[in-house]
Amino acid sequence: MTAHKLLYLFTRGPYSCASGNEGLDAVLAGSTLEQDLSLLFIHDGVFQLLAGQDTADSELKQFTRTFRALEDFGVQRLYVHDQSMCSRGLTVEQLSVAVSELDSAGVASLIEQQYRVFTF
Amino acid sequence: MKINILVNGALYSSQASYSAWQYCLAACEAGHQISQVFFHQDAVAHGNMLSVVMSDEPDMVENWARFAEHYSVPLVICVSSAERRGVLNGALATEHAKTAANLHPSFSIAGLGTLTDASITSDRMVSFS
Amino acid sequence: MSTLHTLSASWHERVWVFEQLCFATSGDAILLIEDAVLAAHSPITLASFLAKCESRGVKVYVLQEDMQVRGVHNQYKQLKPVPYTGFVELTEKHQRHVAW
Amino acid sequence: MTAHKLLYLFTRGPYSCASGNEGLDAVLAGSTLEQDLSLLFIHDGVFQLLAGQDTADSELKQFTRTFRALEDFGVQRLYVHDQSMCSRGLTVEQLSVAVSELDSAGVASLIEQQYRVFTF
Amino acid sequence: MSTLHTLSASWHERVWVFEQLCFATSGDAILLIEDAVLAAHSPITLASFLAKCESRGVKVYVLQEDMQVRGVHNQYKQLKPVPYTGFVELTEKHQRHVAW
Amino acid sequence: MKINILVNGALYSSQASYSAWQYCLAACEAGHQISQVFFHQDAVAHGNMLSVVMSDEPDMVENWARFAEHYSVPLVICVSSAERRGVLNGALATEHAKTAANLHPSFSIAGLGTLTDASITSDRMVSFS
């Protein structure tokens, strides 16, 4: 079976809902099937990657660490939407993992290349 | 002071449960009394004893159960929301001819009048959605 | 009697709530929790909201634990960080709570 | 027991989530305890009252009919926030039930009079 | 290959999604469902969104049943009402679906 | 054409289930085949057979069960989401030492690989959240 391009959209912030954590479950499942995966962080989803998250004083699970480990699962393409970053006062230097920034045209062309898109 | 707590957010996919639990711990440590914790809407899922927690995730049902026992706080699930979402005690299971019940022993089921009542007779009501 | 308003949704999801919370009255308090704390990270987002609240005599707080967990750094001196015990104190002080 | 002022806020549109329907459950429970109830429709909540809702071709339950029957339960105070109406292109003539319009100052003073406020 | 974008949240909840959906490319379609149909009721809300979509060659549709249930009257001639069978036809025509 | 359906929204408190069901009916009437309906995140509550429907509200679990039987469509619940939210078949109940199981007989439980697989092998994937 040839590898298909699958895109996972992260659209919400971490901790307040389960979509980040359960979206990662879906990414890991996709990676075991040896598909060609990309992740795009857009809207509040860019906060999933913010560095300095500190759950030491909390019982909440810092599931966002897994984004940093995705390379070990063969997932290397992580993108953020520049306008989402900018309107939230974020820069790529503030993120915990290396990402490529895409403008809206870049997002459109990323989506155009995909076989399937999953939204979380 | 007596504080009534209302939780509306889902067990796993909302932070409401965690926020409410942290608030309740802080309130009790400050000497306040929680008159009851009422779980409405999607929050009734708290009473489902079948939920299984991943080893590295917080076990909110057990957190609430321990809190309730330690401070003698009733944990009340809204009956109409619970029926719609399949959280039943033995009596409801029998009434609706279901083959199993799944209410966690630390929770009880009651009507929305219980919420109105407790919100009036307490000094405060704090809601988490 | 005064009111404690808590706001739990992200500014970007519920900008209308932030805007309309400016109808809070003098002596009221607003506490940002959960995803509402995200707005504190940008030095622009909350500027006019906080200015309006200040001019109406409405104090605005932000829950420390929710910022810490998310890695959010508070950019506003008018936005006072409080821990959960501070949340409890705000409910002691304000007789009424509205969760937006 | 003296009657307490209880306010129920409806903040979301109907059908897409349960908060309207389950909020009404709470209102009816409050009415049986002979409290002094008010309902305020704000943000997308104003759409709960839009006239012309037609579920005849649908399996969805038109629970919003109950808002029109609240008078029979002794609930007479229904308010809408004028700015929420206006920014959604709505006028009181388009609503299915008689309501009072409040500006933001009116909402603030309504809230100030309440003993408890429930948000749906 | 072209894309069908569905939008289910209210304009007032997720105005950013509406704005950013203007990155849809020529030949794509956008379908408003569930609470996203509410925006069709106001003659102002969607005007600039629809103009931008038109200028990019993106067609915008609205789900008839979801308008009917909510009592929403479509104020826009560029916004084409379709029933569920039209939703199915849109998925036949566009190979990819993104739910926003 | 073969269409794979993904539902993420809660059973009772989201319209996602209703929208997806109406879509599936229209697609099958137009001659398409639904390869599977995968319930992820809060949508796993669809598989809880204990939910009780008010007489005047739509019974989405039964609607899905009837649809699945009529068109021979597998209804699949995501295992990790289901465990977290307390929707268990007999095997999971035994594995986690729970005293009851509550999976509706029209649904089955599987891993997320099933979703990825069906999304690739189908001609289309349509999601409802």
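So that you can tell them apart, the chains are marked A, B, C, D, E and F in the order they are listed, and the count of residues begins at 1 in each.
We take it that a residue touches a chain if its C-beta (ideal position, glycine included) is under 8 Å from a C-beta of that chain, and two chains touch if they have at least 3 such contacts.
Please read all numbers here as calculations on a predicted model, not as lab measurements.
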item: Partner chains that subunit D and subunit F have in common; value: B, E
item: Any chain that touches subunit F and subunit A; value: B, E
item: Graph distance between subunit B and subunit E, where chains that touch are linked; value: 2
item: Type of subunit B:subunit F copy interface by residue overlap (half), same or different; value: same
item: Subunit C-subunit D separation of Cα centroids, rounded to whole Å; value: 25
item: Separation of subunit B from subunit F, taking each centre as the mean of its C-alpha atoms, in whole Å; value: 26
item: Shared-contact residues (touching 2 or more other chains) in subunit E; value: 8, 12-14, 16, 34, 65-66, 97, 99
item: Overlap residues in subunit F, where contacts from two or more other chains coincide; value: 12-13, 15, 41-42, 57, 80, 125, 127, 129
item: Overlap residues in subunit A, where contacts from two or more other chains coincide; value: 15-16, 18-19, 43, 60, 87, 115-116, 119
item: All chain pairs that touch each other; value: A-B, A-C, A-E, A-F, B-C, B-D, B-F, C-D, C-E, D-E, D-F, E-F
item: Interfacial residue positions of subunit C with respect to subunit D in the complex; value: 1, 3, 14, 16-17, 20, 22-25, 96-100
item: List of subunit B residues in touch with subunit A within their complex; value: 12-15, 18, 56-58, 63
item: Subunit C contact footprint on subunit B (complex, rising order); value: 1, 3, 15-16, 19, 22-23, 25-27, 29-30, 32, 124-129
item: Complex interface listing, subunit A residues touching subunit F; value: 1, 4, 6, 18-19, 22, 25-26, 28-30, 32-33, 35, 115-116, 118-119
item: Subunit A residues within the subunit B interface of the complex; value: 15-19, 59-61
